[in-house]
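Beneath this line is the structure, given in structure tokens, with notes to follow.
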Amino acid sequence: MLKQIEINTDPIQAILKQNRKEIKFGLSMCAHCSLCAESCFLFISNGNDPEYMPSYKFINSIGKLYKKKGRVSKQVLEEMRDLVFEKCVLCTRCYCPFGIDIPSLITLGRDVCRTQGLFREYDR
Amino acid sequence: MIGFLITFIKGPLIWISFIVFGGGLIVQTFRLLKLTQKKETRRIVPDKAFKPPTELSKKERFLRYLMSQRVNPLALNICLVLVSFIFHVCLIMTPIFVLGHNVMLDTAFGISFFSLPEQVTDIMTKFVIAGAIIFLMRRLLLRRVRIISTVYDYLLLLIAVAPFVTGFMVFHHVLNYNTIILLHVLCGELLLMMIPFSKFFHMVFFFISRFMIISEHSLGNPKRSWHY
Amino acid sequence: MIKAKSKPIKEIFNYIEPYQDVLIVGCGGCVSVCLAGGQKEVNILQTELELLRGKRKPADQFRGYTVERQCNEQYLGALDDMVETADCILSMACGAGVQFLAKKYPDKPVFPAVNTVAIGVDLDIGLYEEQCRACGECVLAYTAGICPVTRCAKGLFNGPCGGTNGEKCEVNPDLNCAWHEIYTRLAAQNRLDNILEIRPPMQWQNQIKRTIVQKGYEQRYYQEEI
């Protein structure tokens, strides 16, 4: 039997609470215009795969956590890990026409994953 | 009852919407500015090896300008930038300079803005509607936009363009004039009241975050930074 | 991380002058973070070279591509086909990346498009400062976290020297004496015994701390009028 690993929501909620205003402004200002896409070199070098779009990455990591108040399953968090660690190298070069600080939002997504022992495994 | 609603929409609600719009903008701008702080630019002594460029040719000056603005010439989506620019300029300018609004201002207060010819505002309205259709098509057809689109995005686009569609119908007397003008006023009020409290707040957010906050993509000479 | 600075465009242009089809390879790692060799810089360089070359050789071709990291072979696979048809490669990565590409594609000339300067920290956007010279013998433990190799103009391990001028360095009066800072900080932490012992010297050239101002940011950061 696989042991179901529980998610500890306390550190997640602490991160969400501490950065509430930033996350809220980022999410509420994003007009879902997709103009950030071309600024991501991973988007270009992966055949314009929309999952590499900076806005997609922060909406579906920290944005998702914010909307669900940190209550997510391990599986969802593992998908998030792939999104913020494998599909982003945090080169901090995302362009947003409104000036949303996308890299710092993705960093928060990474912080959340690290509190649950999820990070990029280079020796995998 | 319906008569009361009509007078309410055409009277007090206009005032309420302007007060909500103005007050909301001030409150939200203040809240946003509280998230930023002044940051002093660090000044350093130039390297001795640094030689200022002498006698630049026109081409070199242009290249230098591109570099200093850090413009990304190849990734710039010129068409979309142009469509978006025209859409936004017309969106803001049309309601301010349209003759009908100014006539109302004039009869009420005896003051008014300079008015553009009605043919011009008609074309501007058409631009707004065309822009909205292009945005809608992008949202429907491009996978990268669709993947992050929600119902709310379509709703916002509808709310933004509704006053222009109804205004266009009013101007050309399409359908029942009195019903449409009531709808036009209502849509306009809704849009005004929503601006400070929805994604439409990017009307202010854009200028603060791009012109006042230091980042790689900032414009002008910003002096502030985020502090969360 | 590693900080680099773009080379003068004329210098780059001279390298690629004899070649027709030029492949510009960016790197999404350190050089992207310090605004020297990311995708945006690849695009800018491509435009600059196209403008410089003008209509003289219309058959010339520039292509740009950015890989995740040039210092790891795992990420270079996508380049193979592009390199096949290219006449030369212009790498915007650090020295390590340039050498790695040159080794992987030995039959193609590989040129650097940036000067790799230092291991440093971000002071501001486009403003970086050297902190580490990667000497491989870290002494920060007993120098209060201030690197004498990088910060002392003479790279002294047993300082300060006789040339210290109060708090300033004799090499450059704008420079703080690293050993004065080491002493002050250690004294505040009550750890002065750390520097009483004589440490064996390393053979380093005299170098002072370098600061990198990214191209286009001179006006903002330089005190003097350019």
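First chain written, first letter: the chains are A, B and C, and each begins at residue 1.
Convention: a contact is a pair of C-beta atoms (placed from the backbone, for glycine too) under 8 Å apart; a residue touches a chain by one contact, two chains touch by 3 or more.
Since this is a predicted model, take the numbers as computed values, not measurements.
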item	value
Chain whose Cα centroid lies nearest the overall Cα centroid	A
Pair sharing more residue contacts (C-beta pairs) when A-C is set against A-B	A-B
Centre distance in Å when chain B and chain C are each reduced to the mean of their C-alpha atoms	41
Approximate Å spacing (C-alpha centroids) for the pair chain A, chain B	28
Chain B: positions in contact with at least two other chains	72, 75, 215-216
Contacts with two or more other chains, residues of chain A listed in rising order	39, 92-93
Residue list for chain C, restricted to those that touch at least two other chains	35, 39-40
Chain B to chain C touching residues, read off their complex	41-47, 50, 52, 59, 62-64, 66-75, 214-216, 221
Residues of chain C that touch chain A when the two form their complex	26, 28-29, 32-33, 35, 38-40, 65-69, 78
In the complex with chain B, residue positions of chain A that touch it	19, 21-22, 25, 28-35, 37-39, 48, 50-51, 53, 55-56, 59, 92-93, 95-101, 104
Chain B residues touching chain A - in the complex, by the definition given at the top	32, 35, 72, 75, 77, 80, 138-139, 142-145, 147-150, 153, 198-199, 201-202, 205-206, 208-210, 213, 215-218, 226, 228
Complex interface listing, chain A residues touching chain C	39-42, 44-45, 89, 91-93
